[in-house]
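Look at the two complexes coming up: chain A is in both, with chain B in one and chain C in the other.
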Partner chain A sequence: MLPFIIRRFFFLIFVLFGVSVLIFGILMTFSPERRAAAYVTTPQQAKDIPKIIKQFGLDDPFYHQYFRWIKEVAKGNLGWSLVAARPVGEAFWRYFPVTLEMNLFAAPIVIFFGIWLGSVSGIHRDTWVDHSTRIFAIIGWSLPTFLFALILLMVFYGYFQAFSPGVLSDELTLFIIDNPDKFTPYTGMYTIDGILNGRLDIALDGLHHLVLPIITYVIVVVALNMRVMRSGIIEELSKDYVLTARAKGADNKTVNFKHARRNALLPVVTVAGQLVALSMEGSVSVEVVYNRHGIGWWLAESATQLDMPVLMCICLFMGVVFVITNLILDIMYAVIDPRIRLN
Partner chain B sequence: MKRLSFLLVFLCSFILFACAEKPSDTSQEIADLNEKIANLTQENEELKKKIDELTQQLAKPEIKNPDTFILANYGNLRTLDPCVAYDVTSSQRLWNIYEPLIFFDGSHTDKYKPLVAMEVPTLENGGISEDGRTYKFTIRKGIKFHEGQSLTPEDVVYTFKRNMIADPDGGPMWMLLEALTGEGSTRDKEGKIIPGIYEKIDKCVEAKGDQVIFHLPKPYPPFMGILAYSSSVILSKQWCIANGCWDGNIKNASKFNNPAPGHEPLLKIANGTNAYKMKSWEPNKEFVFERFDGYWGPQPKLKRAIVKYVKEWSTRKLMLQNGDADRVRVDNPYVPEVKAIKGLKFYEVPLLSVSAAFFCQKVNPTGNPNIGSGKLDGKGIPPDFFSDINVRKAFLHAFDRKTYAQDVFNNLVIMPTSPNVKGLPYHKDVPVYEFDVNKARDYMQKAWGGQAWEKGFKMIITHNTGNEMREAAAHMMAENIMSLNPKFQIEVRNVEWKDYLVQYRNFMFPIFIIGWGADYPDPHNFMYTFMHSRGVYGRYMAYQNDEVDKLCEAGIANVDPKEREKVYHRLQDLWYAEAIGNTIYQQIVVRAYRDWVHGFVPNAMLTDANEMLMDIHKQ
Partner chain C sequence: MTKLVQTIDLITNFYTYEGVVRALDKVNLTIEHGTTFGLVGESGCGKSVTVRSLLRIIQAPGKVEDGEVWFFQNAQQDTEGIELLSQNEKYMQALRGDSISMIFQEPNAALNPIMSIGDQVSESFLFHRKQEMCRQISDTLYSPDCQIFLPVKKLLQPLYRLAAKNTGAWLLKFLSRVPVFKYWDRLLKREALRRSVDIIAKLGISNAEEIVKSYPHNLSGGMKQRIVIAIALACHPVLLIADEATSNLDVTIQAQILELLRELRQKEISSVLLITHDLGVVAETCDRVGVMYAGQLCEVANVKDLFGNPKHPYTQALLHSVPRLSQKGPLQSIEGSVPNLVAPPRGCRFHPRCPHCKEICRKSFPMLVEIGNHHFVACYLWTNLSRD
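Moving on to the complex of A and B:
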């Protein structure tokens, strides 16, 4: 298995090179003026656009600009984020934990709830259970995330005055600001840092602020997983080995959960893996509505403002995430299905 | 028995005597009773008051965070370096942390109060020389920076020199450079240092005793307004040098010129003298101010203030509704929504800003879809279509100002008659081209010798994405012009803001709709921008009028208020006579506070992104 993993990581270099050339090439299709405009916000500042082009060499040939960027990346300098007002690397480590924290809680729910719901639906095909779960899935999948997030916020925060937006309450935020010696942000995730610092109130408050974002994300995303699982179960239940198992006297529980569900898991693992990988770039709607400034929010802001170093950074990051996700998926295939050999 | 009877009679008599009321004075009795009634009434009133207070307290939500002011805003703070910061969000932070020599006095935009200076210099007190070229400021003693340094005149001199030497691209330093050196930049168009510029910077400001003296190459009437701007706040020389700013040696100035974004030394640190200091800054999350106990002036009432970055309007609205924010930024379309929330109070503040539709008289024809075929053949317009004044007048008559103000702004707007908007010196209302489709038709029939009417035309009016006010103006012009003749075809398109900035500068738009906010409260900042052939907008309209150019230049070169009044009145008349553009709105912003917030002082120079924390308290 080790050579397989090493080989995959070796390929990562080529993937990143390809991604960077592609994204850089796409961004170069914008005129130098347009790229320089990223540095200005008002008509007053716009008069300096020609000077900005000169200062940053934005009218140099593509390869000049690309190698200049590569040279800086090799030095560990990913550039300056205009949106974050920080170096890209530093900004990334500020925003990424916010996205990761939500995914740490949401991903297991999406995966296991999706598998369970899909299994129940497939096993009880064409019964009221199946119809109900399918309706739930269709509604969840069709709901515009932005709208759904807003509705939840209006009901729970606006009406019941519970689950306020943000990542932590003002009181605890000020406590952390006032007492830097009493709270160390080890991970940037309040739920985990709260526990590590022995401050359960901070951990719980962080979790409290995660409730609505997680509900929104899970209800919207779980549908896909559930439908794939349902199809898999239905397909597996119609296969001969299931009939054989039943003929041999195996009970429903054994047939459904031991035989059929395990075989139906392969496509679900693929979908779940891709979903988790995708979730690493954050959910723009969830982060904007609940005022959680993570990677999704940063990416959206940077895309609209053409903050090039950020776009390059996030694209490269997503390249790494997908390569690693696919590697993990391949390993998981072999674990789930012993017939699959990694080499 | 007799004895016993006698004893009983005696005892009864005694008891009766004892129990009998004293013979009373009736008037005294009434007075006593009245006093009792008065006391009871007073007690009753007090109890009523207490009940009322308790009822009110029960009815009203509790003041959340009583010693902290929370503002939910969406402005992106990019830097804390005063020589780089050139946006309203950064100015808000800088004005609350640092202090300039002078600042706007209350709601006035033309009167100043001294801050770091002991008094505001005037001609009368000798602070300003007769020729308007020398300004003297006596520096206040006993001012401390947040990090403990004492403020001296040397700090003031260093600040101005340091900021002008740095002069980053896209920054605000052109204002001070123009006033103090006569140049708008330290670099030419190619980005090369202008010879002798550092020597000029070195000589333009000096310290003498407890005074700081500015030497201007020529009179510059808006100079005081520029000194109140956030790029003129005073820094500590010692602290700046320790943090990598200019070392104070003019020979090394070029090393510190034009720092790249992210490389300005004071980007994320601050050390001012104002009543609040920076406690923490999490970019795009929150900025925390904390009261500075060593402030030289009266202490502010609030201990802290937090400015939160909340982009989504619904989230901001709910925060205000729940009392989790004391004020949120409200864009005009949401004003009716926010006015329905209970427990708020509102201020309507007209701003020194104006949006206008500009007619470009020389559009770039290369690959430009906005002018169709580029010819007057019914499928496009020629690049110089708007050079014909009849076309411009027709478009002006096609704009229904009353309906626009009513439908788009609910009349919560000032409809400006020229770029010299209300609130600026020398403002006057000039005539406007009233909405009249017949007049618009007449002008279109005359335009281009009648060919425009006969052949028709096709063009695109653009507005920046998301600006509903400008979108409505574009549609109004388009639809009213199209109603004149079926051969007139106008499409309205939106363009993303940054693209818009680039494209109007490339002469791509036959009509571009854009706004301008005051850098300083003087007509020069508006009239030169809008009308001069080298102004920020005048240039991109390709508008050229020698009289206008001369007047714009005369306006800034003259210190005599009467002469300036003549100049700017004439320019405002020319704006109408020449039908240069269509000033479509001067915005009135609505500021929505929780009703427990007091002390806000409106000022037309301070936009809704701003909040002067010193003024406000919660009660």
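Moving on to the complex of A and C:
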């Protein structure tokens, strides 16, 4: 087990190298002028562009620029984020908790809801239960996220004045800024910090602001999980061992849940793990529409401004997340399925 | 000879997208106590569907449409039969694996890949012998030489006494959902596992203690088939249905499994229903044989009569197509192919391939009639009676 984990982390170095070369290479297709233009804000500064190119070596060969970047990253300097107006490393820890907070609440809902709905609809195949969950899933899956988010925002915030966008209401944000000694941001997640600081009102307010983003995210994403679970259950229920179990005298509950569902879980674990990993990069639409300044929002803003250090940082981060997720998934496989040995 | 299972005009259909597949068309089958009955026929002729209909484990989109299945558990009182198709699902669950059990064609697929062998065999005992096992454990718990830590013993004693009286008591169901307390049934599971080890050892597997801890992928095909047999035999069934139990095994293992079945039939179980397409196996192991074609039973006879003096043209053709060592010239085959059961031929379903086809064969189906010495044939060569 331990050698397996160590080997996987060794593997991580190669993944990060590959990902960074690829992204760096794609960004290099922009001309040095375009990349320099990101640092120009007024027309007067436009004449400085050749100077900027010279100063930062933007027209050096690809590998020069790449190794210069690697050298800086190795020193712990990820660069300067224009969007956040602070170093990338610092900005990352500012935005990441917002995304993580939403995932902490949304991921369990997506996983358990998906598995539950999928099993129910697979077991009651071709009945009204199955049809209605499938229709619900297809609508959720095919509706554009931003549109769905806007509709929810319009209905709940626009008409009922409930669930305002943002991360925290204005009074509480001001209170936190004014009283830095009374509220310590341990994690950067208001729901958890609120409890740690003994301020339940802040925790509840944070949760209140999470309701709509979570609903949007869950409805959009749960469909995939549900469909995989449904087809898994249907496939497993037609297998011979289910017949053996029935011939043994097993009741429907035992057949469905003890035999079929555990076997059907394997592909679901893969899908759910990938979904959670993917959502670590933040759902761009959800974060932009609900004005939550998380990784997704940061990524969108940085991409439009060609903020290279930020893009590189987020790509590296996603590389790490995916390697770790796959490691966890492999360990979970070995726990669920005795046929799989880790070595 | 007393009846054990009798099906009367059993009809099973499958509702597929291509149309209604008429898999069984009025099958009348009688299996007696203390015999080995062989059911033969080509693939897709409805052998497996017959026994699955009998046990009511037909999978969707199949459905038993009509007919009766009578089950006479006790050899002495054959008047007191039970009609299985009219019983509720709970009754059938109690019956399956207890009085009638079944072993399957493909041992590699018949075991759940992610459950240990011990758990899978134990399930049989936990489904059917729970009360008895609880009573046994309760007796040991109250006996003076019980070695369990005293407070635990005091806690377990009333629980097992309750379970011995009523296995479905709400208190036990509630406890099974509470953390820590849900392990009250550890002794029960251990007892079931102990019985599993016994039954596996009885089937000629030497290291049964280790086998119960392993998983299906650790075992060979023959070993897996023994485990499937162990599951079926766990509760001493009256009838064991072997659905192509040896078809996918190599000949050595096949011989071992058949030998095992023969031994078991003498010692443990009353009757065996052997489904196969291998006529050699039938000739060697069965007392009576039924021949099926396209969802209908065409001939039933004692094994010697059937092989020595086949009456139905299909049986004759089937026996002719078995290769023999003394044979000269090419092997004979049956002309034509098996009919599509979505639109089966009118009348006798064999008539398009039958060399003796008469006018009446195209119109109606002949009745299954006895032509002497328990030999039944459904063919207009031997009777004038129509079924419908």
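By our rule, the second predicted complex is superposed on the first by the 338 of 343 C-alpha atoms of A that agree within 3 Å, B and C clash if a C-alpha of one lies under 4 Å from a C-alpha of the other, contacts with A are read in each partner's own complex, and residues count from 1 in each chain.
Note that contacts are C-beta pairs under 8 Å (C-beta built on N, C-alpha and C of every residue); 3 or more make two chains touch, one makes a residue touch a chain.
Note that the structure is predicted; figures quoted are calculated from it, not measured.
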| item | value |
| --- | --- |
| Combined model on chain A: chain C and chain B, fit or clash | fit |
| Chain B versus chain C as contact partner of A:Phe4, first or second or both or neither | neither |
| Which of chain B and chain C A:Tyr241 touches, first, second, both or neither | second |
| Which superposed partner A:Arg125 touches (first chain B, second chain C, both, neither) | second |
| Chain B versus chain C as contact partner of A:Phe156, first or second or both or neither | neither |
| Contacts of A:His259 with chain B and chain C, given as first, second, both or neither | second |
| Chain A: partner with more touched residues, chain B or chain C | B |
| Which of chain B and chain C A:Asp251 touches, first, second, both or neither | second |
| Touched partner set for A:Ile336, first chain B, second chain C, both or neither | second |
| Chain B versus chain C - smallest C-alpha distance in the overlay, whole Å | 46 |
| In the complex, chain A residues that touch chain B | 31, 33-34, 37-52, 54-56, 80, 82-87, 91, 94, 150, 153-154, 157-158, 161, 164-166, 170, 173-174, 177, 288-291, 293, 297-298, 301, 304-306 |
| Touching residues (chain side chain C, partner chain A) in the complex | 52, 55, 57, 59-60, 93-98, 101-102, 104-106, 109-116, 123-124, 127-128, 215, 217, 228, 231-232 |
| Chain B - residues contacting chain A, complex | 65, 68, 70, 76-79, 86-87, 169-172, 187, 189-191, 258, 260-262, 267-268, 279-280, 282-286, 288, 304, 306, 308-312, 314-315, 318-319, 321-322, 324, 496, 498-499, 501-502, 505-506, 514-517, 519, 536-537 |
| Chain C partner contacts - residues on chain A that touch it in the complex | 125, 237-241, 243-251, 254, 259, 262-263, 336-339 |
